[in-house]
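Letters A, B, C and D mark the chains in the order given here, with residues in each chain numbered from 1 onward.
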Amino acid sequence: MAAGNPILQIDNITLAFGGVTALNGISFDVAEGEICAVIGPNGAGKSSMLNVINGVYVPQEGRVVFKGQDCTRMRPRQIAQLGMARTFQNIGLFQGMTVLENILTGRCMKIRSTWLEQGLNIGRARREEVENRRAVEEVIEFLHLQGIRKTPVGKLPYGLQKRVELARALVAEPTMLLQDEPMTGMNLEEKKDMSCFALEINREYGTTIVLIEHDMSVVMDISDHVVVLDYGAKIGDGTPDEVKNNQDVIDAYLGVTH
Amino acid sequence: MGFDWVFFTELIVGGLMSGVMYSLVAIGFVLIYKSSGIFNFAQGTMLLFAALTFVKLTEGGVNFWVALPVSMGTMVVFGILVERFMMRPLANQSLLSLFMATVGLAILIEGLAQYMWDSAIHGLQLADFLDLALLDPVNMTIFVVDYIEWLDILISKFDIFATIVAGTMILILAVFFQKTRTGMSLRAVSDDHLAAMAVGIPLSRVWALVWAVTGIIALIAGLLWAERVSVSFTLVEAVLKALPVILIGGLTSIPGAIVGGLIIGVGEKLGEIYLGDLIGVQGIETWFSYFIALVFLLFRPSGLFGLKTIERV
Amino acid sequence: MIYRETGTFITSYLEDRKLFPIPFDKWAMAVFMLFMVFVVPFIASDYWLAAHLIPILAYGTAALGLNLLTGMTGQLSLGTAGFMCFGAFFTFNIMLRSPEWMNLPLAMMLAGSVTGVIGIIFGLPSIRIKGFYLLVSTLAAQYFALWFFRSYPYFLNYATATVTLPDHHFDFYGIGDVFGVDMASFEAKYLMSLGVVSALALFAKNLMRSATGRNFMAVRDMDIAASVIGIPVIRTKMLAFFVSCFYCGVGGALFCYAYLQVLGIRTFEMNRSFEILFMAIIGGLGSIAGSFYGTVLVYEFPILFSWAGDYLFGGAFDTAVVDNVAKITYGILIIALLIREPGGLAALWATAKQKLRTWPFPH
Amino acid sequence: MDTFLSLLLERARKSPDVPAFRTKQMGIWNLTSWSQARDQVSILAQALGQNGVEAGTPVGVFGPNATDFYLGYLAVQSLGGIVVPIGTNTFGEELGQQVHSADVEHVFAFEQQHVDALLECGQTCVKRIFYINGRGMENYTQPELMLLSDATEGIEASAAFLEQMEGQRNPQETATILFTSGTGRSERPVELSHGALIATARSIARRETITEKDELLAYLPLSVSSDFLFSFSLALTTGCTLNCPESDDTVLQNMQEIGPSVLFGPPYVYKYIYTHASNRIESARTFDTKIYKSALRAVMTVASHRAAGQKGSFTDWLLFMFARMTTFSPFCNIYGLSRLRLALTGGDAIAPDVFNFFRAIGIDLRETYGQVEGCACVTMQSSEDWNSDSVGLPLDDTEVRIENGEIWFRGPGQMKGIYKNPEATADSIKDGWVRTHDAGHLDDQGRLHVHGQIARMGSLNGGGAFASDMLETRLRSFEYIKQAIVLGDERDYPVAVVTVDGTITRTWADRRSLRYTGYADLSAHASVQEMIREYIQKVNEDLAEDPETSGMQFRRFAILNREFMASAGEVTPTRKLRCHEIEEKHRGLIDALYSDALEYTYTDPVDEESYTVPLGNV
């Protein structure tokens, strides 16, 4: 369906917590360079899906293949090293740090100097700090965060925190970006900004984006490919138009009982 | 030399009995942890304070049956004060701050206990009081420190008594929290603070109650423990022993505290005798219980009965 | 009010990373350090050096070590005194059993490193265990340390209870003789402690403003997010244990060598761990300078209190009473501080500074 | 006589390493010294020359305040081209009109957003767009686009090239085309020569001894004439450093970092700081508030003495010094005003309260009067002018006269004319005098007093005189009122449409525990209505005292559901209200104000939501 090679293959994923099945035999592909939206009503298993993709949860069955590597059982860090970054639904920022420090943590995989060099503040450690800062500044400019560099993230309004989190993910230069409900709790203008950012990231850096959204209308305009989940099962998969006209999807969203 | 089964059994029984005592202390921790997420560091000094209050009263010639309720009352007042002046102002702060506050509370109580009474070491012959108090009708002198012998196994009578008291306390508490309205509201609070408040459970009252109950537990545990280790600062350290117990059981589980207590009680005794012999050094019981707890925790990071949390992100 | 920040701007990223971005702070610190190095040894009496400054430096190092672990990385520890014990004993043994060329600072670093490795061992459970559950592991370290050195008197050179640390351990390649300075004098010990502590504090500060420090704090604030963005959580925790225990070990060595002059197991009882925990908490978890503020307050509080008691009531009360009142006041102080400012003295100071910066505005 | 090019070369010769421009980019301040500036300009100029820019070519410069664009000015001017500055937030019809009326064929633009705006503005006269930042533009294939670094590739810095160009330049050449702000009349392209701009800047610099050591902050949109004069021209004539902030949101922050010593700001800037500060102090603890307020009283007392020319008591003076030291010196530090020795305002009347406040706390604030036609500055107050009613004496060699109540001026700073429009030029310049379309009078000391735009003065239907500008300034004096427009010409009575300042009104409302959901809801709140009414009543009482103004008392007013916005075309880049547009847009509301209605419901075209605006009787 989607053009381009699949960069991420989700193959028959089943995930259960105790007796509760959160995901039931989900399969779909994400093509390289596309924006793929995973939508569904509350409790459909969207976040669990994301957590499986980047290794926070290990599924009972099925495989996740990213860039041709089976990463079903990899740790989140290993998957991050393969080039996957993500943002969290309830903001996964480090509350004790400033905006700048938070974004700098996104560069952690680029650090080559040892802690001894850093503690002595010599050579490579100093150079790396400057290099990483430069990379961070580019993202700051891109996402218009210039005014709040030294602000502790806890003091920022919700919408800005989300943006800082996006910055932290971007600064790692990922090939794939997972966004967990990037627009929830935002006003219309912030939502517009957020979708613009997603489009720009996708266009300029060629980053593949998988985003989860509760609200269908926001993502339909920006995504190339939509996967619909409901009660842990996949009920729709296709272009936004195909999905919009899918009877199951309409039922799920209108709350028709099965 | 064959295996000394009698000695072994004695160890097990002794271990189980001290385990019950550990459990009693541990339950105090668990109650507070469950209701407010705080690891109550002041538990040890509360024991000391309660025991000292009682000892000083009786030393001053107060009758046992008066001293006991007066001490209990003191602990209830204490619980209410803690809620009002510590818990409430700290309500929305991080768990670490709350933990530290209890550390501060521990110092405060320690100073208070020693200021109000004194810092000398007191012996406590609970058995004497009990004999006097209960006026043992058939003169069986069951409470005199003594041993009974059964199948060649020597068991301290006082230990039996302590076990019975502790066991009863645990039972009462269990019933209280499972069946009564107040107990249920406590459980609701422990599940979800906000939700509990939303349905109209008065958080501050529940907290005050929990601290008061903990105070009473501390009194009883303090008295039983003091019999063994005397009323002094050592009582505080003895309580640190309860730490592995609750951690094995899981900080949130009362049954866990009981099982944990038994495991530690037995494990410690066995380790001391057999493992100590094996490696040829004495005194490993100071750290052996922590070691046992670690081994358990490595396999079950939230303890045996602790809630396994699914990390939601 | 005293801060004049208008007109201070940066033209490079290195400038933005400066230790003291505000010139006023830089100068204040420089003056303070010069005073500590060049003035204090000449004006302070032996009593002041031996009973105030040196112990504060030693305690401060340990509190800083604990702060790196608990405040920065969020791993709660009650084993500080145990790690200090390792550090002190190893330093003594290295000095005792190594050839002539060994010197005390080097021995302390070596002993600190060994302590760090032991720290990693006791830190291993932190891979699986989180929060308060981790107390078990650090308590095990505490009791294990005491038991270990009690059980193997070899490490105390077969002395009973305590051993007096010999003066020649302080010798530094005969440098004292060259300058005619007694290296075992309090002045020399003070300067050595100050040097070691300053170097360690600077190292800690550098570490905290670099990638490693950010990793520490990331693990503290949200370890799942940390692992998702690629921070090696386990390695970070182990490193935190290593660095923290290194500091505690050096602190323990300073405590015995510079302060107590004797080495014994009883120095490192459980109580010491608590004392240092208070220092870190009251000073402010997560703040390097805070460790020292806390140390000063916790260490000096009882002294000041009993002095004030004597002064005001002229010994009308017995010392035990004053002690207990001190404890009560102290407990209330901790609770009040936590209610008012959970970030400790460092946060209070930061607030005050902020207030000075934004006066007349509230923020 | 000098041109901007000769000034640059002189600076680069005399003080090559002195900082010329400083721009905050990527979190740090990047310095450009005069010699670096010369080298970059020579490269840029050669590149532009190769791409067809020559003497007399208008070149659009479209971007934010940044070193690159001021260097762009110089490059264009060194070739004899005409700089047409375009503000970074200009787009659509407005952009098209500017590009069209100044015949812009070449544009020097910043990034994607600007290129998009140019491509979409509907004008095809643009032949070449140089852009600096190519991010996101990999897929742009339009032939007119050229990445600047491609254009300058292989070109070496050459001072000789610039020196050769210098010989061909002439101070009478047009340096720039700036647009009149268009609050009343339509926007007109005004041609200003090198000589006029340099003479005006020199005149100011001489009066105030502005030197190399001064720091300027350039933050107004490039298209604003004050920016051209008070940033670019002043920097080149005096050699002081021109600082450019990082972005629009960080101006205040960057101002604190730099601590400018000379600053020009339209009245809204000072009003903003004033309101911001009073809002901040409102949320302080009462103790702090009390100290602040008594300090303010102390300085205000002395200031009013000085304004009245009296000598205050020694105690007053002592209190005054104490208040300045303890309260207002830190105050200035927070807002980055500590090193500010000359603050200028102009372009619109400043509210007297705001003016007095800044003078009292120790900022040497001066009002200027100017027009694009006169290089943005014609008269300027001196530091002895403690009242905001006059705008001071004319600049050197400049004369001002009043004819039929209208202000006319002539001097070295006057314009060459309206670009390619001899009729308009002839209408504006008569016998060497330039007309201003403003009414005013000269006092006995020769100081100019401005009454407002003639077009906005008129009479009420009853026959009484009417001056909207004066009334608006009075309303704006109130810190809760952010914007005000007053109508009454050829109507029965004066009415006002005001907008409230969101931040400070929120604080006010929160203190009274009012319930509201957002700005619109708050502005329609009965208590807010009442507060504004009380103020307008006070204004009416003041008006009643003077027989000349007693006929202008307000009868009705409305508080709009949102602020007047630049994006809706209601406000100019310097945040002056565009009265005509507003009258057009809000005709329904205005009609309702002249009826008995107590509220007016309409659909706001900005967000297409329906709002009910309550209408108040004073």
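Following the convention adopted for this analysis, a contact is a pair of C-beta atoms (placed from the backbone, for glycine too) under 8 Å apart; a residue touches a chain by one contact, two chains touch by 3 or more.
None of these values were measured; they are calculated from a predicted model.
Relative to the C-alpha centre of subunit B, the farthest chain centre belongs to D. Put simply, the chain nearest the middle, going by average C-alpha positions, is A. When C-beta pairs in contact are tallied for each pair of chains, B-C comes out on top. Inter-chain spacing, taken between the CA centroids of subunit A and subunit C, is 41 Å. A separation of 56 Å divides the Cα centre of subunit C from that of subunit D.
Measuring from the averaged C-alpha position of subunit B to that of subunit C gives a distance of 33 Å. Centroid to centroid, with C-alpha atoms defining each point, subunit A and subunit D lie 43 Å apart.
Across the assembly, subunit D contributes 27 as residues in contact with two or more other chains.
Listed for subunit A are residues 56, 88, 92, 133-134, each touching two or more other chains. Listed for subunit B are residues 311, 313, each touching two or more other chains. Within the complex formed with subunit C, the residues of subunit B that make contact are 39, 85-86, 89-90, 93-97, 99-101, 103-112, 114-115, 118-119, 237, 240, 243-244, 247, 251, 281-284, 286-287, 290-291, 293-294, 297-298, 301-303, 311, 313. By the touch criterion given at the top, residues 54, 56, 75-77, 80-81, 85-86, 88, 92-97, 101, 104-109, 111, 113, 115, 118-121, 125-126, 128-130, 132-134, 168-169, 172 of subunit A touch subunit C in their complex. Interface residues of subunit D facing subunit A in the complex, by the touch rule stated above, are 26-27, 135-136, 246-247, 249-250, 253.
Partner subunit C is touched in their complex by these residues of subunit D: 24, 27-31, 256-259, 277, 280-281, 283-285, 288, 291-292, 295, 326-327, 330-334, 336-339.
Interface residues of subunit A, counted against subunit D in their complex, comprise 133-134, 137-138, 140-141, 144, 146-147, 149, 200, 203-204.
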